[in-house]
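Read the structure below first, then the notes.
Chain IDs A, B, C, D and E follow the sequence of writing; residue 1 opens each chain.
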Amino acid sequence: MSDQPLRRPATPMLQQIAARPTMRGTLLGVPLGVKVIGALFGLAFLALNAAIAYVVIDGRLDGKWYDFRDLGNAVESLRGWTEDEGFHPGVIYGISALLGGLGILSLVGVWLIIGPWVERRVIAKFQIRVGPNRNGPFGLFQSIADALKLMQKEVIIPRGADRFLYFVPPVMIFVPALLGWGPIPWAEKMAYIDLDVGILFTIAISSLGVLAVFLAGWASNNHYSLLGAMRTVAMMVSYEIPISLSLLSVAMLTSSMRLSQIVAWQGHYHVWIIAILPFAAFAFLFASTAEINRTPNDIGEAESEIVAGFYTEYSGMKGGLFMAVELGNAILVGALMSTFFLGGYTMFGLEEWIPGYIILLTKILAVYFLFVWLRATLPRFRLDQLMGFAWKFLIPISMVQVFVVAIEASVFARVTAPALFTLGAFAIVNLSITILLVKLWADRLGYAVIQHPTKPVLTQAVGGLRAAERIRKPA
Amino acid sequence: MDSPGIIVAFWLLSGITVLSALLVFVARNLLHALAFLVLSFLGMAGLFMTLSADFIAVAQILIYAGSISVLMVFAVMLTPLASRNNGNSLYVIPALMGGAGIAGLVGAVAMETDWAEHSGEALKAADFPSTVPVIGDLLLGRYVLAFEIASVLLFIALLGAILLVHERPEDERSAGQQGEAQ
Amino acid sequence: MPPIPAIDELSVTLAHYLIVSGVIFGIGVVIALAKRNAVAVLMGVELMLNAVNLTLLAFSRFSSAFPAGEEPLTGHAFVVFVLTVAAAEAAIALALAVLVYRRRETVDLDRVNLLRW
Amino acid sequence: MARGPRQLLAQPVADALQSALPGIVTAVTDEWVEVASDRVDEALRWLHDAPAWDAAQLSNLTSVDRHTHFEVVYHLQSLDLNHQIVVKARVADHENPVLPSAYPVYKGALLQEREVYDLMGIRFQGHPDLRRLLLWEGYPGFPLRKDFLGIGHGQTTGLQRFPFEDKAAPDRMINAGNIITGERHSGDAAHTGGGHH
Amino acid sequence: MPASTEPYVLNIGPQHPSTHGVFRLRVVMDGEVIRDLDMIVGYLHRSMEKLAEERTYTQNIPFTDRADYLAAMSSNLGLALAAERLTGVVPTERSQYLRVIFAELQRIASHAMANGTLISDAGAWQTPLLYMFREREKILDLFEMTCGARLTTNYMRIGGVSFDPPPEFWPALAELVAELPERIDEYFELLTDNEIFLGRTRNVGIISPEDAINGSLTGPALRGSGVPWDLRKAEPYCVYDRFDFDIPVGTVGDVYDRFMVRMEETKQSVRILQQAMAEIPSGPHKNDVALALRPEPGEIYSRVESPRGEIGFYLVSDGTPAPYRFHLRAPSMINLSLLREMGVGSSLPNAVVTLGSLDIVVGEIDR
């Protein structure tokens, strides 16, 4: 036994971090030529921006096929051209449908590659870790590697599984995740199917996933799966109601179920509906986290309780599809949230300058960041707490909100005062009603915020039961 | 109806619908039958779509494929000891005959009758840019009484379902069981 | 080999929809009559209701009993009512099935043969 | 001799025990009281209930193989009085050791007695759920016994069926009764596996 | 007949995210409600007690590392103390302080792990766990500096400790002790006012003080139920009687109380560390002791307060260098005595959180 232990420096990690080059140090070390070229590039970029700004102000872009602010213009002029050339209407239909489908598929596809990386890196930042950083630049290829791994893995069918129903759900759940993107407007004319019943379509599509989840859990012949499936189904069915009610408020306020019209309404009055209907926005956001199984409502796949929930038994790419759907749904909900409550592609007139789809994408990513933030911060609810929250809290208050909005919508249609004034009054009224209602209802349910949770008692005494009683009831 | 898309869609969707409806009958497992039923509902929604009834089609998806099927799932799961068997009863032969008879009758009538129907340009004029406001006006205008009665019906059905399935408290239930035993 | 008809001659008419709806109604009748499981019977009933909906919508679309553009969507309004009734009926029927199961531990309709359960 | 800092001298405990339950003490040293092996539960119950001794907690329960007999050692402690009492029971029958269970007095004996049964082979009568704890049902022998030198010739370790446990009674746990509702099965019935080598 | 589902058996573990090792719960569930519960352990059984009968007392110290691998220092200390009491060896003054310092550091590290995994069990996606790992890493760095190992330290010796800490140890320790209270307050902010966490842990898995004492619970599980029992005060070993610290006790006995007791104990450990750092005398860190001690025939039951409760060593000597009988009282295992009573009737999420709050280490349960 030697008295000299093997020693390493005090905190090797900290020293390594300290030894890393800083941003400032990197800049100082750049040679002059590179700096000059960089500055020239910067100037050229500014000049390009100025040129774009000139073209936009001049109005030369408006409605032309190369109006990059609205890719719908290009498709429209393509349709016009094919019509002029005398193509069969079916061909024109097919071409424009394929273009839109290609857009949606590439969006979702690219997201499925970038998304996991974003999520993991952001969560790593929350968790004072580094995150994936080995594979490709900044670890960007990590998700490709993961996808390759998933594809190579064997798909194991559990013994006793229902073979037919086992293979259906991964596909069945993927379809609504793609269909949901249909009615979302990315710019004024840029929507795949600008359905007249867009809101109803959205709700209907989201309800389709329920059955897939149930079948996945049931067909796996695993108790974890079944438990997760039943939890998810119960939760999704419950939370569809607050979603429908909050979207009903939106539809009544804007007097349209067409998504593009809802966005146009917000753009026209330069207001976000979240300001007018804060409770509806909250209900929608909370219920969506339940619908798409994200923290704090991810009880359907609570890994500390039921491993992976309804897709515990799915291995390889079949499990990967479920994860992909979950990821895709996260930004789909972000898109819906932005469209309904955050002004969609409009941004107080900024959409004249910046392409609407970029604005919408920014908003989607902001909502997605909120989801990641929640995931990194909050523990999970229990099933009974969640169901209680939906039925006892969200639904009653949402119903009252629907009544209030019905009155307000009819007032709005009749009043001739400036819209901003009326809407501001609505916002104030709704906010105060919401606060009042929430408070009253919470009191009614006997729920109170725990201000000062019981802290441990500090004592110097030692003892058993008698000492415990002394501490509990001090004389 | 000149758009080839609609013609293709009609044949495809009606094929899917009829086939999956048949499979509901053929399937051995109740949950398989349920899956086919949902497919049939979806095909039906597509057929509605070809009839330019977008609101009804989406409502069909929402109510049938989304809600009633889940309700059936719950019914199946809440009756665990009952068999998952989708077997036929003794009435299968008469039922088949009856079903074929009805289908044949409807088909014959449909083919033989000279329907006063739109076609060509008149049919195009019957396309609506938006069905929702018109349906809304109808429901809250001419059929408002029926609409209100339907809402009452829904409410009563809700209450009835809750009352039927409501579990009595433990002591009451055991008392009831004793009563039955006597 | 018969000549391939032009695509216009393939056009879909009211009769097509009615036949499809008749076939589905027939299948629904068979399921409702022949199945033993209460839930399966309910499936048949739902199929029948669906077939009726299809008929209503088809008439609403094709029928020239109304001049074009005048009261054209009555069929749609009726379908809305049918959907409502179907939802109510499904809820009640499934509640009944659960109730029957609770009392008799079966949902086999052949074995539920007493008026009182 | 070594005693813990808060361990009571055993003589006063033995005297009190003897006067309350005559004939129960069979031996006594400075450190421990040895009680009659068939009346251990009585002694523990008395020490638990007596306010002067207040043995509220069964701190530790273990056993020692003395080649000819077993010693089961109970370390009791009073939290309020802050002292420790050591009670021993001498199980004379080395082939078929049986002892009353301490579980009716101390719930904390639940797993400790299972462990002693598992590794030393002492059966506790009245234990609600006496099964092997660390080893699997059917393990040949009791490894903490001094005469356990290895698994005997012709016997397998059972590693092949380790994850599957006892195939003869796959739903053993469900039938094992419920501690909470008091539907217990006797310790004897649980003594199914574990043939002596 | 109520519309209940069929009871079914759910095997939670041995490979499961919330069983903290190879621990298996076999649960009979009716929907979400647990009807019966059985624990199956032994997957990590290494027959330590039998092996120890072939080795000298010093040679047995590494076994204690492998028993409670999250609190190796405390287990080391338990065996060293037991062997000293059996043989009459007196440790040096400096080593007494070093033992206190390392045991308290280990307590902080272990409680950080316990609370972090508890919150993970409650469903937080590992963020609090990784935050708590930050402190734990620094403490393990200190261990590594001193004895070269991070987890299985094998540090305590009969008559002292194996190494005197290197010079750079003391500033690092001072830095850690200075920043720890701030960090702990951070966790309080993050967690104690979190509605979801409170909703998940309050009034869940309640153990009454009577049951806790009767069920042989020790450590934070016992103190969470309101019983002020801490061996550092009740039976002061090393030099704990020279330090001023408090025993935190819970008021309800639920999961939240056990969590909070651990958090508060971390604060108290910092207090002890501050005093020990200030008062540590210079001198040898170890007395020279024969490698193969031959204690007189006799026996000892000696216990210390490990982060998980009372870790006791029952040593029987027959005069040879190896113990005749070596028994380790495993607090992790004995704290599970009430698991079934707590679990039956509760729901799966509650059971998972309750198990997490009992803070088991499977290496110690199985030994």
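Rule of thumb we're sticking to: a residue touches a chain if its C-beta (ideal position, glycine included) is under 8 Å from a C-beta of that chain, and two chains touch if they have at least 3 such contacts.
All values reported here derive from a predicted model rather than from experimental measurement.
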- What is the graph distance from chain A to chain E, where chains are linked when they touch? 1
- Which two chains share the largest set of C-beta contact pairs: B-C
- Item | Chain of greatest Cα-centre distance to chain C | D
- Query: Which chain maximises the distance between its CA centroid and that of chain B?
  - Reply: D
- Query: Using mean CA coordinates as chain centres, what's the chain B-chain E distance in Å?
  - Reply: 61
- Query: Any idea how many Å lie between the Cα centroids of chain B and chain D?
  - Reply: 67
- Message: Using mean CA coordinates as chain centres, what's the gap between chain A and chain B in Å?
- Response: 33
- Item | Interface hub residues of chain D, defined as touching at least two other chains | 56-57, 79, 82
- Note on the structure: The positions of chain B in contact with two or more other chains are 4, 55, 59, 67, 74, 77-78, 81, 131, 165
- Would you please write down the residue numbers of chain C that are in contact with two or more other chains? 98, 101, 105
- Query: Mind pulling up the chain A residues that touch chain D in the complex?
  - Reply: 462-467
- Message: Using the touch definition from the top, list the residues of chain D that touch chain E in their complex.
- Response: 1-7, 31, 56-60, 62, 64-65, 73, 75, 79, 82, 84, 86, 106-112, 115, 119, 132-136, 143-144, 148, 165, 171, 173-174, 176, 178-180
- Note on the structure: Touching chain B in the complex, chain A uses residues 88-90, 93, 162, 164-165, 168, 195-197, 200-201, 203-205, 207-208, 210-211, 214-215, 218, 230, 233, 237, 240, 257
- Item | Residues of chain C touching chain B in the complex | 7-8, 10-37, 39-40, 42-44, 46-47, 50, 53-54, 57-58, 60-65, 68-69, 72-74, 76-77, 79-81, 83-92, 94-99, 101, 105-110
- Note on the structure: The chain D residues in contact with chain A across the complex are 54, 56-57, 78-80, 82
